[in-house]
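Read from first to last, the chains carry the letters A, B, C, D, E and F; within each, the first residue is number 1.
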Amino acid sequence: NERYTNEIYRNANMPGVAVGLAWTYVGGDILFIEALLSKGKSELKLTGNLGEVMKESASTALTYIKANAEKIGILAEDLETKNVHIHIPEGAVPKDGPSAGITMMTAIASAYLGRKVKSHLAMTGEITLRGQVLPVGGIKEKVLAAKRAGIKEIILCYLNEKDVQEIEPAFIKGIKFVYVKTMQEVLDIAIT
Amino acid sequence: NERYTNEIYRNANMPGVAVGLAWTYVGGDILFIEALLSKGKSELKLTGNLGEVMKESASTALTYIKANAEKIGILAEDLETKNVHIHIPEGAVPKDGPSAGITMMTAIASAYLGRKVKSHLAMTGEITLRGQVLPVGGIKEKVLAAKRAGIKEIILCYLNEKDVQEIEPAFIKGIKFVYVKTMQEVLDIAIT
Amino acid sequence: NERYTNEIYRNANMPGVAVGLAWTYVGGDILFIEALLSKGKSELKLTGNLGEVMKESASTALTYIKANAEKIGILAEDLETKNVHIHIPEGAVPKDGPSAGITMMTAIASAYLGRKVKSHLAMTGEITLRGQVLPVGGIKEKVLAAKRAGIKEIILCYLNEKDVQEIEPAFIKGIKFVYVKTMQEVLDIAIT
Amino acid sequence: NERYTNEIYRNANMPGVAVGLAWTYVGGDILFIEALLSKGKSELKLTGNLGEVMKESASTALTYIKANAEKIGILAEDLETKNVHIHIPEGAVPKDGPSAGITMMTAIASAYLGRKVKSHLAMTGEITLRGQVLPVGGIKEKVLAAKRAGIKEIILCYLNEKDVQEIEPAFIKGIKFVYVKTMQEVLDIAIT
Amino acid sequence: NERYTNEIYRNANMPGVAVGLAWTYVGGDILFIEALLSKGKSELKLTGNLGEVMKESASTALTYIKANAEKIGILAEDLETKNVHIHIPEGAVPKDGPSAGITMMTAIASAYLGRKVKSHLAMTGEITLRGQVLPVGGIKEKVLAAKRAGIKEIILCYLNEKDVQEIEPAFIKGIKFVYVKTMQEVLDIAIT
Amino acid sequence: NERYTNEIYRNANMPGVAVGLAWTYVGGDILFIEALLSKGKSELKLTGNLGEVMKESASTALTYIKANAEKIGILAEDLETKNVHIHIPEGAVPKDGPSAGITMMTAIASAYLGRKVKSHLAMTGEITLRGQVLPVGGIKEKVLAAKRAGIKEIILCYLNEKDVQEIEPAFIKGIKFVYVKTMQEVLDIAIT
């Protein structure tokens, strides 16, 4: 449904929204990960039919951001006086796995900073508390789904570079790949 | 049971009540979504035999309203000093799915604003935190159920227009369709 | 077991007790719904082997009463400084469904008002947050059970009138039926 | 194991302990129901491998006692500054059902009053919030177990009298049966 | 693995540690029950792969100790300002049943009193809130496991004496058996 | 995947990270256990698809550290004003068992002390509340996995020494084994 995802994509560029890549039973797909702040006591709410591993990934992202707030440029006061709600449409589709880690981290940081994520950018990668990005599976299917949705740049763990090299070059013409080792690199690229 | 639903419909027009469209195992049906405020600490209570996806939809609607309260015209003080209870009769029937999203959002906003939802209006559509309305399934069955219940205007996502165009025109004569892209458009049309 | 239920009925007429009608696997039955207040912070406790739908019905009744306390004549202070415990004997029998809604609402209101429910009165009907009474099933079996237990007046939704008209008149001789549209009507009849 | 239960029985006569009668897969048995207070905020703790119906029964007993504290002679201050722990040995045996209701109520009241339950007394009966005692099943097996354990007096609901009359008189010689209608009668007999 | 358990035993003699006897699918075994206090609000934490009955047993032990603190010699202030964590290695082995009751009680009391449990002592018995020790099963297997582990004294309920008498005397030569009726006797023997 | 684990290992040497050894269905593996502090009320958060036994192990480690904080050199104030989040990548892989106990304890202590764990060091062993290290299984597979990942020193319970002696010496050339009895020894070796 390219018309749908493209149009939504163009209209969705506001702080707190980042594009992830998922690998579902029908192949690769893109996920719009939405983070929205509201007044509260630093609680994390998760919706969108997320499995336990994906929920843990969001929790890990939030701890990383809290522990590294100063370096990222987020105010300690905002972390203590706001709740974060992360939602991933489409609610009817179950979603799970650790590969949305860097996207959730980016969406949360973007919301707290009040700055948009770079447009036409997608990403996939597992996160850790010590700030490293880990490789994930399903790279070919994810990259092709990103291509169909009009994505022009993709962030991956540097250990996934070999997976991209196995894709027929004609299929991914026009997409820029950025390989990273750390979560800080992701934020440096994604939030400008 | 047209006499029943019509009569109830005419008598139910008070702030906090909005009409949704559902797709059940017996075909399309209308849902009266009721939001009622009471003194409290901003808690959300959900009843009416709702599944997890539908409960997440209500939670998403409430976060959207809290984050956009000023634009919608809701007082921050009301959000902090009232609980919201959303109930969907009929309690014996299990209900689920994301398509009641815009109706739950409308019912909550109507309750906080103390202003009625437009009469003879129904709606169906999934919501997002960033404010966009997403398309949903079962449009034909839902629209026919709305017709039988005396509904005269239906709000849908603009990406569901193609589904309406596939319905025999004679079946939906007299119903006005309004296609929207954003949740703010829904509120502008529904709460006058 | 007529002697049993009749004797209990005669001795049970105190504020907070209302008689409902249930439809079980052995036919119709009467339910004594007991609401008792104690010092606390407005918490709702539910016992008596109640299923999820019945528990939601109690929660809906309490929200309705809180939102309409002034009209009903209940003091806001009582709502905030008392817990409500609703118990339905007989604990060994599982109970479920929405049809006890008006009875639970009546028991709660009677407890807060400190005024008895009218004697020899039973009722069955689903409730809504907007104050309307909805029709329920199993009317014939419920009415016959009420008759056996010595009930002399039954409140039903006006949309259940057709179900009463299908019962052999000889079976229900001496019972007065009152058909209502709203929950306020139920309170006006039941608590005098 | 008569020596065991008899010896324990003789040594157990302290405030907060009451003897109930249960009906298990091996026939009737006696249950020592223990209620112990400790400093706290009026919380109820339940142990001894109790099923949901039995736990609800304990909760119902406590609400009844709180609402009728003055009449029973319990200080409001004690209710607010003590936790109640109810334990039923033997922890390896699952226990359920509503028939321990009057025994749990008696144990709780005895603990709060600091007065012992009458010795050689057992009881079985379901409780209600409005203060009535309801009949229970398995009377023959329960009574014979009480006899074997050296019990000399048994409190039952007056509607269980017919079940006692069906037992061979020689089997229950020397046991005094007391039939009651209300929970207050139970307390008047049990706590002297 | 005698060398293992003996060595650990000799090194483990610090306040808060008591030795229990368990009956597992591979025969009898000894359990080191560890209670450790930390600053807190009187919360009980339980680890070591414990089943529900064993967890209830720990909760019962703590209530008994709170209610009898003065008699035991524990300061009320300590009970209110410390958390208790009970852990039973080995975490990979599921453990359940009520027979560790007196051991858990002893470990908790030892931790609060800051006094060691007597060395080369083991025990097994169910507890009650009223302070009596109840007999348990698997005595032969438990006693032989204690013997293998170098235990020299075992506390049992006096109703388990008959089970010890059925063991071949040569197998238990050198072990002293102490039969008790009450939980206070256990503490008097174990904590010197 | 040696390049991957080795590179990550070299870059991961920051306070709060310790290397454990696990035994999975595909053989031995190394686990990076990450502990990260953030402002809070001494809560423990656990992510990484951990089973119940492993979660209990983390809880036990934290209690031990709280009770022995002064000896270890951790400030009481830090324990009360920080939350601890323990995460074990890779989130898609379920992990369980008690053998990560000493690694979790080390990671937590390292985070609180703000001092790195010794580089090229791994460890495996169950913990207890009284401070002893217990032996664990799968030693051969774990040690070989450590070797492949470039580990140069391994801490084990002294009761696992026999398991190391059964491994072909050529396979473990260049690895130093340190056998310990207590958790304090682990900390003395690991955090310098």
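By our rule, a residue touches a chain if its C-beta (ideal position, glycine included) is under 8 Å from a C-beta of that chain, and two chains touch if they have at least 3 such contacts.
In this text, all values refer to a predicted model and were calculated from it rather than measured experimentally.
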Count of contact steps on the shortest path from chain A to chain C: 2
Chains in simultaneous contact with chain C and chain F: none
Classification of the chain B:chain C interface as same or different, half of numbers criterion: different
For chain B paired with chain E, centre-to-centre distance based on mean C-alpha positions, whole Å: 60
Approximate Å spacing (C-alpha centroids) for the pair chain D, chain E: 30
Rounded Å distance, chain A centre to chain E centre (Cα mean): 52
For chain B, residues that touch 2 or more chains besides their own: none
Chain A to chain F touching residues, read off their complex: 52-53, 56-57, 59-60, 63-64, 66-67, 76, 80, 97-98, 101, 126, 128-130, 132, 134-135, 159, 181
Of chain E, residues touching chain F in the complex: 4, 8, 11-12, 14, 16-17, 32, 34-39, 45, 47-49, 85, 87, 89-92
